[in-house]
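Worksheet: the structure to be examined is printed underneath.
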Amino acid sequence: MIDTPRLVDQYCHGVLRTELGLGTFESHLAPAGAPAAAAGTTFFDTQTGFAVRRWCPPLLGLEPHCPPARYLARRRELGVLETGRRLLRASGITTYLVDTGPPGDLTGPAELAATGEAAAHEIVRLEPLAQQVADTSGTVDAFLANLADAVHGAAAGAVAFSSAAGVRGGLAAVPEPPGPGEVRGAAGRWLARRPAGGPVDDPVLLRHLLWVAVGAGRPLQLHVGDRDPGSLAGFAAATGGLGTDLVLLHSYPHHRQAARLAAHFPHVHADLGPVVARTGARAAAVLAEFLELAPFGKLLFSSGARALPELHVVAAGVFRGALSRVLGEWVGDGAWSRTDAQRVARMIAEGNAKRVYRLA
Amino acid sequence: MIDTPRLVDQYCHGVLRTELGLGTFESHLAPAGAPAAAAGTTFFDTQTGFAVRRWCPPLLGLEPHCPPARYLARRRELGVLETGRRLLRASGITTYLVDTGPPGDLTGPAELAATGEAAAHEIVRLEPLAQQVADTSGTVDAFLANLADAVHGAAAGAVAFSSAAGVRGGLAAVPEPPGPGEVRGAAGRWLARRPAGGPVDDPVLLRHLLWVAVGAGRPLQLHVGDRDPGSLAGFAAATGGLGTDLVLLHSYPHHRQAARLAAHFPHVHADLGPVVARTGARAAAVLAEFLELAPFGKLLFSSGARALPELHVVAAGVFRGALSRVLGEWVGDGAWSRTDAQRVARMIAEGNAKRVYRLA
Amino acid sequence: MIDTPRLVDQYCHGVLRTELGLGTFESHLAPAGAPAAAAGTTFFDTQTGFAVRRWCPPLLGLEPHCPPARYLARRRELGVLETGRRLLRASGITTYLVDTGPPGDLTGPAELAATGEAAAHEIVRLEPLAQQVADTSGTVDAFLANLADAVHGAAAGAVAFSSAAGVRGGLAAVPEPPGPGEVRGAAGRWLARRPAGGPVDDPVLLRHLLWVAVGAGRPLQLHVGDRDPGSLAGFAAATGGLGTDLVLLHSYPHHRQAARLAAHFPHVHADLGPVVARTGARAAAVLAEFLELAPFGKLLFSSGARALPELHVVAAGVFRGALSRVLGEWVGDGAWSRTDAQRVARMIAEGNAKRVYRLA
């Protein structure tokens, strides 16, 4: 009914290039940072696991819901490259925005694009960029100058910036940009105590980094995690009218607050992806909650997928099914017109992302 | 199936008396305080916008979901008065409780009643009342005495009090009434520093104001905004057994906590209105969440509408449809009896409000 | 369709042995701690009240949804013993885990087992245990030694520990165990100021008590109340890998956060019971929210029932109906296979509890 032939995946990572055993595969079904499944349980017994078993086996010539071991055997038989090709090309994702920041031996944007026969663009994560600059700058002055250069230079080639540490790093407490003296002091102390390769963990520096990025004019994606995005209202107010869009990532279970911020601030947008992808059979219900207060021009599909092309495929399939079901019901009830529903579906699937990221 | 022929709108505002262009009309679809729609988007592309396009055009002789420009043209053709009459008289709202506090050139209770062929009563907002008293009182003693007189005087003519600033103004931190010396000190400092017409922004004075209102015996409506109403548990505990009812307004997305407070405290009630009205096609789902823990005698319909009679109409239509759907499904499942469902529907639509506000 | 022939009720209390009038019966339908129903309302007009009227009258030979007074008359006609037998034996609960801690003249595990023709095991609540030890210990040293002995002794006969005060008592602020000197100091001050029979209200002692229980190796059930269980992430991190499971009780309306913690920490589990039982016609929706992020091996049924056997019956009936509906829909959509759905249903109904509590 509701048709979304092309998806822009506005936030994802690359995939692994190595063959995977059952245990390694299972570990990538877990939420980020989870140490292991409990004894007597498996991460296959989750909505993510069940969704992978629903959507992926048929793309490799197997029955849906076949046992994990059978799926993994078939995956190895085809090889990681051919598996990736079959899965990604069936996803309907025509553009990937790829966060290349987190470490891991994953395919970059170009390789993901080639595998998936799609376009791909880079999202530059701010914290690793700052760490690289720190590694190669001898003084505080050089570090701060090089940092500004690096961010503005990255803006030329990247489609967006992302920040994982910014939200936890005290952004909620003080939304305004720190003053030059404060930044110099914080940079000096951080550089002095920092072990080689150490992370940016100073709250003043993190705020400075975000404000440098705001000045570079690219959309800024903020990992909200399971924090209440209401705590970002101050930062949203402070950055309004500057011409830089904010995109809130991963706000579940506070996604209604993310939608509310998107309604209140013209430059704030809400990402749908990993939430919808991780909740499988429940995706329509979660998606519908986003659609309560958020203006329809402010919601963006993404997969949030990482390491397994199965996760890109599942996100796309689950999202499409959920969107079609939710909007289709509203059309059936007479609450929405079919024309509006189709228009909104394409906005969320690709149009909003094309506008926000100025994609061709 | 489930029939609610009469609605008491227990919290709303008046409507504009002027003809409206498309842009001004759209701005009244936005959430309160939102500066503007993002470039490339419109507040018509929201649940509120879609609900207006569903419910209102047929009342003016147009097709549902017709384009906004066509609707606005028809609205101007009929004129603002005739439009208001047609819309409000079709809403099924038989009594309006009207908060006259916020500034704006809106119709008052009598004019709204005449337009809608309904009854109307005034809700007195506490903060503007206190500001008026401050404008005309020469000393701290006079201010405090006049304030008490004004609140008790207003109680004679008003059906309820409302407070918008009280909840943000530190009520959560200290629920008890401030002592006389504390109040005198706060009043003195506030009057001294206050510019002419300045708002009540002193937390001690705001608490005092709420407690004066509690003593006046009328139900007190508290704007919770997007705060967690769980933070009001202390105030609810402190005001229990005094004979004054509390009504929590606007608790979304924390409405399950509002329902929980309504279950725990005999004098606490939860307002359904603006939440249900703003979520359009999702209203049944949100309403059902209220109905999880709240005793059915503690939920109150309202529209929360302001400026556009379309918003009163949408609230009524959406609420009725949602209530009928939710309760109808439970009857269909055998979870509720039809008799109970009909009885509960009328309680929420009008009966509870009549009891709480002692309406004829 | 989805079949759960046996339920392990992993958290409940006993039932009253006395005949009940309408008012007393109604008071047991209220949430814990609620003082009374508002004038003009009744706790029968809640989801709990409607669920009791749906599920219980037929078990006593009456029509579903008959008036409360008629049900109570029939209950007295049969007598409290026969009523308890008929209700509990129809519940499908084959094992009860009974928290014997809270005061009240309720049946213990053995009596509940006999009435319900089921197995029963004791859950030892930590705070009353500590209070008993304090009542009979003359010195700080004796108290601390006796406390350790009492907890380890109780672990031999009990199936789990529970704590109601631990979560509110500052666990969130400092998750680590307090040092020996800190514990001695806190115990000394508490014992000195404590009136006879006074509760454990010292945050350091409460933390010590929880850590003694963690060391005893039995699963520890934590009453989360309406707090955000995200605040327990520190305690969960500190207790990981020690071999003691944590079970989060009563997390509504923050149950999605409870599910998230259960996904993140191998030893953390989420209880479904009282939430599902209290929301009646909405149970399927609430249950489905738990099933978004929680691994299916980490969710546990319970009734949370207390005083009225009706509440055990309602919990079982509502849970079964909700589980069957939710999983049945997912099977119907093709999102889950029927085999998986049946397997997951039995895990949540009994299998997970058997694994966590090492039941035969």
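To keep things simple, chains are lettered A, B and C as they appear, and every chain counts its residues starting from 1.
The rule we apply is simple: a residue touches a chain if its C-beta (ideal position, glycine included) is under 8 Å from a C-beta of that chain, and two chains touch if they have at least 3 such contacts.
All figures in this text were calculated on a predicted structure; none of them were measured in a lab.
Participant: Tell me, which chains sit next to both chain B and chain C?
Facilitator: A
Participant: Determine how many degrees of rotation, between 0 and 180 and to the nearest 5, align the Cα atoms of chain A with the equivalent atoms in chain C.
Facilitator: Answer in degrees: 120, to the nearest 5.
Participant: Interface overlap for chain A and chain B, more than half of numbers shared or less than half: same or different?
Facilitator: different
Participant: Rounded to a whole Å, what is the gap between the Cα centroids of chain A and chain B?
Facilitator: 37
Participant: Spell out, as numbers or ranges, the residues of chain B touching 2 or more other chains.
Facilitator: Residues: none.
Participant: What part of chain A is in contact with chain C in the complex they form?
Facilitator: These residues of chain A touch chain C: 30-31, 33-43, 45-47, 50-51, 53-54, 64-65, 226, 252-253, 278-282, 285-286.
Participant: Can you name the residues of chain C that touch chain A in the complex?
Facilitator: 230, 240, 254, 256-257, 260, 263-267, 288-289, 291-298, 330, 333-337, 339-340, 344, 347, 355
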